[in-house]
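Okay, so chain A shows up in both of these, paired with chain B first and chain C after.
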Partner chain A sequence: MSTNQVMLEQPAAGFAPGAKRLLASPPVLKVAAGIVLLCAWEGVVRVFAPAYVAKPTGIARVFFSVVSNEQFLAAAGATLWAVIQGLVIAIMLGMAVGLAMGRVTVVERGLRYYVNSLFATPMIAILPLVTLWFGYNADARLAVIVFAAFFSIAVNTCDGARSVPLEYLEVARSFRARPLSTLLDIVLPSSLPYLIAGMRLAAGRALVASVVAEFFISIPGLGYYILFNSRTFKHNEAFVAVIALVIVGVSFEAVLNWVTRRYLPWARRD
Partner chain B sequence: MVSGAGRRFGALEVFREISLEVGEREVLVIIGPSGCGKTTLLRCIDGLIPLTAGEIRVEGDRVVTPREGVTMVFQHFGLFPWKTVYQNVAYGLKLAGCSSSEIAEKVPKYINLVGLSGFEDYYPYQVSGGMQQRCGLARALSVEPRVLLMDEPFGAVDAQTREILQFELLRIWDMRPTTMVFVTHAIDEAVLMGDRVMVLKGRPSSVHEIIDVDLPRPRDRATLSMPRFAALRERVWSTLMDDARRAEFEVKR
Partner chain C sequence: MGSETRWARHLTVIVSLLAGAAVWEIAAYFTTRAFWAPLSETVGSLAESARSGVLMRQAMSSFQLYLTGLGLAILAGAPFGLLLARVRVLRVALENYIMMLYATPMVALIPFILSMMGFGFAPKVLVVFLFAVFPILYNTIEGARSIRPELVEVAHAFRSSEWQLWRDVMIPYTLPFAMTGIRQAIARGLVGMVAAEFFLSPSGLGQMIMMGSQNFDTAGLLAAILLIVVLGVCLMDLGRYLERRFAPWRGYE
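Let's turn to the complex of A and B:
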């Protein structure tokens, strides 16, 4: 659509039409905007800030030494592993609870308010309590991740299981499907798009939970790496860890998109 | 066989005192103005919803839940979007406890019967409405039912596809005749398909008239131009239309 509009417009005076089209192409725009932002950052830091404040050239300078540093890799691995573990636990529990809530009225009526309230609660708030229960260790971090991710999975799976079209259930009943077969063969696949949406949300929340837990508990991980390097005025190094977190977040998103495209091609239309 | 069947939803009585009997390999068409409960009656026969009065027996047994040997083709097709055409057709067989070799033998056979060969691996959203209903038909036929319940099966496809599918169904029925209860609101379709046409009328509705359709089988496009077809069509039309007009202008309160 945008290219169409560009084609229809009169070429502006002084610009060759070819140059104008080039500027309007999405990849060129993205790169151009990125360069402008980086230059602005670099400029502002150079003019106004002390030398230790992170700036693009500084980050570029330390980037390779940081990403090949053993301590950094261990930190990144610890965070990633904790988030994956937490997500797997949250997905298993969340799906079980969500399906039960979605299909069994008694469970739904009993739990709905509590699950919804906890879904709306920022789970970071319970971090100090969790450290009392689990100690200042990786278990506490895992617990916070699970808490943060669980409710978005449960709520979404529940919504998915509740919104299974009645037609599907009618067909299943007409073909004399047993309740378990209906659950696994109809309700579960029908709620998968909702589950994926829940996982998208959960992955983001889990990452936040992990980083904040590491800030607070001081256990090895990207969060703690950022905290430690910031406090020792190594802002460029700290920022490399931020970039690593961005990559992790974007990768989760990409994996979920790929799974949707590959295994749920039908879910994109309805 | 249905005797003295009645169904009410709370204060709304949909139909009352409906009695009918469908013989083996007979096609009974139920027609009536919209909202007269013909689809509800069909769901009762399938055992999907219970009657509030009277009883329904299939092959001598009282119907309380869906039973073996009776399958339904739905107006909404009822295909599962996450299953391919093949998997959708296999669904009924799988639930009927067929072995995988039986499924591998029957599914292609029925997919071929409804003319969907080559589209086994497509998902429902990728094929047209007509093809979706062919798939729904194959799924119902694959379990080799003795009674086939058709709930306005061609109601959701466009007029031309509808005609094609009507003649396809006639062709399939001629190949393997089964008892069929066919709900429709299209008069042509009713006369073309049925051995008898049962007209439901009134509120709550009841059997107004049963019209014998003495058109020869096999029926095909030529049937449509028979004078007898026109006469029967006219007869169903006149029984139905006064009420249909009234139903159209009824205001819901």
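Let's turn to the complex of A and C:
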């Protein structure tokens, strides 16, 4: 009996049990996988690709000079500012339209086809049209960002406003709540989880819209920084801007997750 | 009563569509032609390009690009996603990186692809593929995480074979999520298609939009955008249908 147990507890491979557990623990595993991926990237580029192609050591070499470069910081600031401005405008307009659609049947029936079909449209398709309207400048970028973000906010807010439990509205009516307080105290809070889901979608779309607009219009921003540097074969420098974009995207996601956990703990992530 | 309300609903929809068409038509008379073209001219331009065969050729070129990219993304993403679902070590090791790539705006990689691979069909397919593959992987992993470990343990306790484990636990639990991923991939792939046609070698519907804007042919531009809108709506409906059809057992939130 006891010998059996000892046999079972013996490590299968040559590792000491502690080392084996450490190797299988998530953080070590994740870091190891990251190192393997970076090495694979470095190796593939060194063997198969021309010298200008971005590789981890190259990016690491230029990283600090790029992030302390004034031009890069201005580009990052311009993109981030445009995205935040665009998101704020899109959230305000989208919430207004979404709440109206969710609570007023006529508005919903009137706008449904337009909002749903533009929600399904890749907004970069309207980019040339927007540059006809606004010219080749930062206003066109802002407009594209707003267009890209607005519809996901409106669609989700509308879904949220329609999913308000009927009992709550009945209680509000029994207590003769005014329409405004019904809207602010019942409809808005219960559609917040949907709004957050819409904002998550909108943030991603806004970032894409900003980069595409900068490619197209050639105005300062991370997208144009990438385009310009990759055209002059400075791929390592350009890739730092990609990393900045990833950080922006991931931080939007993290902020929204944090807000959901902190203020809307009842809302499940989907 | 029932038929009356249905009539009322149809009526509002019809009124809203007619109003939209009227606004489109009338708006053109208050602006210059460089801003907006009336609906009648847009439809005329669409009919003209359909008659001359340009429309068919460009649409075919776009479809070919889109379907190749999306098909490769599904062929690569679904099996790899299922592998990650089954092999826990791989999933734990890679999930954060896949999440990061899922959040990466893939358009940012287009200039790199352009200068490394140049013009042609392959770089454009790569763009559509990159747009489409990560939603599939990401969602399949989410599905794998939703499998309660007890289920796998019970399956093992009852000496399920690998095949039975897949059939009764892994596939039913991850498929709904994979389908959500495919729905997202269908939508994102379309964005990738337009982006590739804009910024790599111009072709397809993207080229039609570009040419419309460069020649100040606003009617042609609006016609091409209208096509993309219709395409987007059809594809989104297709994605939703697939999600419901293949995974009806997933609870609706």
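In this text, the second predicted complex is superposed on the first by the 255 of 270 C-alpha atoms of A that agree within 3 Å, B and C clash if a C-alpha of one lies under 4 Å from a C-alpha of the other, contacts with A are read in each partner's own complex, and residues count from 1 in each chain.
Criterion: a residue touches a chain if its C-beta (ideal position, glycine included) is under 8 Å from a C-beta of that chain, and two chains touch if they have at least 3 such contacts.
All figures in this text were calculated on a predicted structure; none of them were measured in a lab.
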item	value
Chain A as common anchor, with chain B and chain C clashing or fitting	fit
Contacts of A:Y113 with chain B and chain C, given as first, second, both or neither	second
Which of chain B and chain C A:V171 touches, first, second, both or neither	first
Chain B versus chain C as contact partner of A:H235, first or second or both or neither	second
Per-residue contact with chain A, leading partner among chain C and chain B	C
Touching partner for A:P189 - first (chain B), second (chain C), both, neither	first
Overlay on chain A, chain C to chain B nearest C-alpha distance, Å	10
Set of chain A residues, in rising order, touched by both chain B and chain C	270
Of all residues in chain A, those that touch chain B in their complex	167-168, 170-171, 173-177, 181, 185-186, 189-190, 192, 264-267, 269-270
Complex contacts: residues of chain C adjacent to chain A	9, 12-13, 15-17, 19-20, 34-35, 89, 92-94, 96-97, 100, 103-105, 107-112, 114-116, 187, 190-191, 193-195, 198-199, 205-206, 209-210, 212-213, 216, 218, 221-222, 224-225, 228-230, 232-233, 235-236, 253
Complex contacts: residues of chain A adjacent to chain C	24, 26, 29-30, 32-34, 37, 49, 53-54, 106, 109-114, 116-122, 124-129, 131-133, 204, 207-208, 211-212, 215-216, 222-223, 226-227, 230-231, 233, 235, 238-239, 241-242, 245-246, 249-250, 253, 268, 270
Partner chain A, residues of chain B touching it in the complex	46, 48, 65-68, 71-72, 74, 76, 78, 80-82, 91-92, 95-96, 123-125, 143
